[in-house]
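Provided herewith is a single structure, encoded as structure tokens, for subsequent inquiry.
Labels for the chains are A, B, C and D, by order of writing; each one numbers its residues from 1.
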């Protein structure tokens, strides 16, 4: 059985993003809609009007949807008066009280829309049918108001007094979200709630793990872009496990990443620190530059693996499992390793080949390489971007991708958690071995 | 004389934000539009269609608008074939070449729309009428393509060869920006270019200065919310000048801000450092706590000004000019000063009074106090938020304000520059003295 | 059996931090030292001299120590000539080659100390006994050098040519780290490698877990300071487990933390989002403010637990296990909850009692409350500070604590990992139940 | 006339950094010292002892120095009893009261050192000669203390009661800063106040300007390393002025910086935005990629200047004034420009030449290029590093430079302010024209 209600919106509802948010809310919350009527303003100064019926399978879902539409300015067709309930005690609001937004608001009282004074978010909404003679002195109501006519104003929970008539539910209340100014406002911008990178960490990693397994189950191609912090933060073993498990088809990184990883295999340290025991926490540049000289001596990473110089780690697993690996050079490199492509244009071409083959790209703690890969990606490729710096995540997601996850989190705990979730069924390698 | 063109859009153009961006682009770029037809999909799965005519006063403006609409998927009514020009030399594209987006793209060639291969942003678009026998090997075209039929693909500028047929202008080309998925995509979000805080600093400060003068010229009310970094970064004198010039009606700050400022007046230092000479850059906690004890001894800031203990600075000017000042306490305060309201609920009520009177609010380098003020502000109040931490600016602007400016900049240079621009006409005090 | 070597240092070795770093290196790396002689410069312009013998149980440890001392300017007593080995091929350095620092350096060649030209870090050091006639043109050596006398200069690995005489080991080489200027250098500061917050995440969390168990095993007192991000990032269950397991004696937090946690217990969401399923990722301010009203209705958190309104979460476990809880108010609070101490001075006093009883303090993702607690802590209390913002960690550790760990990491993965490690033995509750 | 006092220190005063800080304090504050005696602990477990006489030209300077030494644990030779003064009223401390540190502290009372209870920073220190019978209940003193013997404890200013005997000055008080643990403490580190990047902005820029003029007056070589944000933030004109004024000898940047600058000259925009009028704030990628194609067409930047295609900006002034310019490529470049060195090793060599010639290096808003330059710099070269991201500044200064300034500030206001200060005398060009 379906539950439905009809609502109306009017104003500059297209260019202010109102319609986008309303349609999105219905779909996000699991409902559906029918547009009864949509009159689009012909010129930029004419307002538009929309009447639509929203439906859901149960009343709770419908209530959630109507709440969102209400906050975006939708009003129920044929609205009834606001429902008022007296506060049972000081500071105690009635159950199901209406909590305000920060937008201009009106209440339908006695058949008339009256404006709500002192608008502020997260307050109760109190209606005063006949203001007492001393109203407006020392309390929240405006002193300039003449007696006699009903008034509505916000009150913080804290200021509620026993007997205050508090609005409940949201019928008989309409909000007016600000509209985009008709003419450009100079430096002042019209702000729409931006993309917030804040998410519950473990639940989000679980979603990434599920996606990774799904892509591989479909025979898809996984590309990993990794920065040196992956190794230095102690996440190298976990990434190596993902490679060994068959979950990485292409690795795009730099000279620093590879050198850190190889140093761990040869000397057990990363920039001189043992990342398990935390011993010798001084800068052992010696190991770093010595690692480079060892690989040069061997003639390259693959040769070093064959000679038994390198026996574990991400690069080792990439060689063993034939992962398509591109190491792109940069002017801050030491060495570089013989495998590093030092010419930027050549490196871009190699990255481009990887990017166009990828079905999902996981970007781990590197701005430089992630931007280089992002420059070559169609907007339809799934992207996961993980970095501890919010600015990096924002910059990488700001490309109009259709499906993207940004996480501001610690690479040193993200990769091990991801590897555990992806590989946990034990037979992960079997599962993806035949592709 | 008006220049016009008619374009068409179709797809899920409302909930994907396409219409919002297109209408916005026309208005931002100084044009106007007439909606010829708008068929809105009745259900969430039905596509919509829009035909609109855009007009501008000059062909250059019209071209700019059409470029934006094109990038959002609009196609000229009755499109003609793509215009191809042969590259005059290796790596040299013809003038006015078409630079690709990262969205799926098609070109109209010989009357047929053909898909562009290897989509990637900022490339040239090459059409190959009859692929050579060896095409697809080692170059950017897909190897799987059969010979005979015309093909289109992207090429980086770097890879252009003499004679390549390169698309110019944008006629005969259409892009397909990704649409919002019909069903919620779990953790994967639909990314729309977010609010970028990056702006040219001096030009933006000039706009803020102009707005501040305009508000005062209209007899409006300016509220400043300030953190201790304003003083410690050396910007205290400039803020004091703005107060003395009559440009601040209300100051909302904390115990730390006031103490830093008073320390400068009494001891010439801020946290023990002389902010002009940079001398004694060691932590002189002594001055900080001694300042608090001096003010307590005097009985409060106003008394300390009257007694001649405090003779300059922001707090001094606020006392002298009768600025409505609220100092709200916090658990990290030393002291506190006798003027500080230590009860959070009392402090909120005082801040609320200031916020509701303000016509413009300038938030300077304080997250705590700015959030407290923001909680009380209607979405219609103009807001300027300045902080060196991008996360603070994003958090403060994420409230659906109608007119807001966010600047990620250094408070130590922002306030002096603002004060200079606001006060530069010399007679600033006169200008606002009569209110 | 003990292995020893005697080294010498001279210069302004105390105030430039050289002696501190040298003594520290010996102790950190597991060696010991005997000061043979220490002549301290009597005035600030006189240089000091130190001769000390360092010892270690094995030659490898001794070598590591000598390497650190060398990099800080120590020279072996009775140094021998630099050991030179010819490069076996282009770009290939001999094994055990000397890798340069960025400090001025000299080599002892043929009994004379000669300066190394073109100093740069991470290079090889090449000595040219008799420069060829065309030396200095186009390569790294200075062109101005007269022929005839031996020269030493740096070469990147990349630039090494077969036959180059490359310094190996570190005997016969001395470096001169820059000394603190005798007179204050204005804005230019003397930079000493600062505290780097970068650490391998999982290993460091293991150390924190071990310390937490050790403190409880000794009957010590654990204080946790927590911000709202702990709940919003999905780490609330893990913190509740630590409380239930007896590992938290005092909780210091704010109104926001408690409200987020209580909302999860009552509505299953945090700010309207289900942190496990990620469903309804829209701002459900309603739940937030409704939670506050429910707790006010019940008369407080303890009453709400007793009434069965709150049945799980951090606050629930704190009530059940009698944890000493302080909720300090702030001007950005909604509500507040009846349990929140709204007066800042009263709240400070309550926090002060907790801080003075604590043996270890764990600060989780809150700057405001952590600073308030830090203000009351003696420098001898162990402190762990975790935040995703490096600036917060730096500010909180900048207090001269004797034992402190700072981690720039994601609270949403830190707390679950910590709880798992602390509680993993199953009988954790038993272990600490009798105190 | 000289004022002197003799103080003593003991403990592990070398490896805990105490001596370094004490010697540094004397010199920073303009005093001088004579070491009377220095007994260095022979082994790592033996304590050291130092007696030194500090002198200054005036009593105020001497007092400042003694305050610093006191906070680091120094005690006056032959100390006298603590000076106690009764508080004149509740919450009012006597003038010159002693404000506590957070380190363990003792007071000399009646000839005996007694420990101060409840240590906490920024409090008053109260001595109770004969505790009243009811002491310890409800106030700050420990309840467990037996009556009869004198006690000392901290009290916040707020808690001071009339008549409390409050310590003044610092004689008869000694603090015990925590010492470095003798054995490595695992993950727990010994924290020393790190380098704080917080400085008064304008005063610091003035110091940089003075240094820049001084270097040029000495015929020195100024190297500027610049990122694209310099142009996008609107600071391009100011940097061009510095080049035209003769204050830049070498410019090290990337393809992005040069392209942004050239776009401004050719199209008046940076990434499509006019940085003065803020018009067209949409992404005009077209201008960016068109600029690259124009320069390719001309054959390079110098040719484009000669042909009149480029008529202003940083690159223009560099060509006109023969500035040694290196554009190093990166994998995130568009184009690139023909002038960009795409091979990382070649680019490093070119940067190396610039770095070794520089007397001062100004790093502006680029991590990649600044690290590349920093890798080649001797530790003796003066360095100024400016970025809005504190992590970038910290990373760049963490190289043991002898003279370095780090500023966390906005490049968009830093460069114009610097240029104004450097060039303000009008005849700047003349001043440096003859070198």
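The rule is simple: a contact is a pair of C-beta atoms (placed from the backbone, for glycine too) under 8 Å apart; a residue touches a chain by one contact, two chains touch by 3 or more.
In this text, all values refer to a predicted model and were calculated from it rather than measured experimentally.
Ranked by separation of Cα centres from subunit C, the top chain is B.
Across the two interfaces under comparison, A-B and B-D, the one joined by more C-beta contacts turns out to be A-B. Superposing the C-alpha atoms of subunit A onto those of subunit D requires a rotation of 180 degrees, given to the nearest 5. One simple way to say how far apart two chains are is to compare their mean CA positions; for subunit A and subunit D this gives 35 Å. Centroids of subunit A and subunit B (each the mean of its C-alpha atoms) stand 19 Å apart.
The geometric centre of subunit B is 29 Å away from that of subunit D, both derived from CA atoms. Each of residues 28, 121-122, 158, 186-187, 193, 199, 203-204, 207, 278, 334, 336, 345, 348, 375, 391 in subunit A touches at least two other chains.
Interface residues of subunit A facing subunit B in the complex, by the touch rule stated above, are 14-17, 19-20, 23-24, 26-28, 30, 32-35, 38, 40-44, 50, 101-104, 118-122, 156, 158, 177-196, 199, 203-204, 207-208, 211, 345, 348, 352, 355-356, 375-380, 382, 390-391, 394, 397-406.
Put simply, subunit A touches subunit D in their complex at residues 186-187, 278, 328-334, 336, 340, 342-348, 351, 368-369, 371-372, 375, 389, 391. Residues 25, 28-29, 64, 67-68, 91-93, 97, 99, 121-122, 157-158, 193, 198-205, 207, 229, 232-235, 270, 273, 275-278, 280-283, 285-286, 288-290, 292-293, 296-297, 334-336, 388, 408-410, 412-414, 416-417 of subunit A are the ones touching subunit C in the complex.
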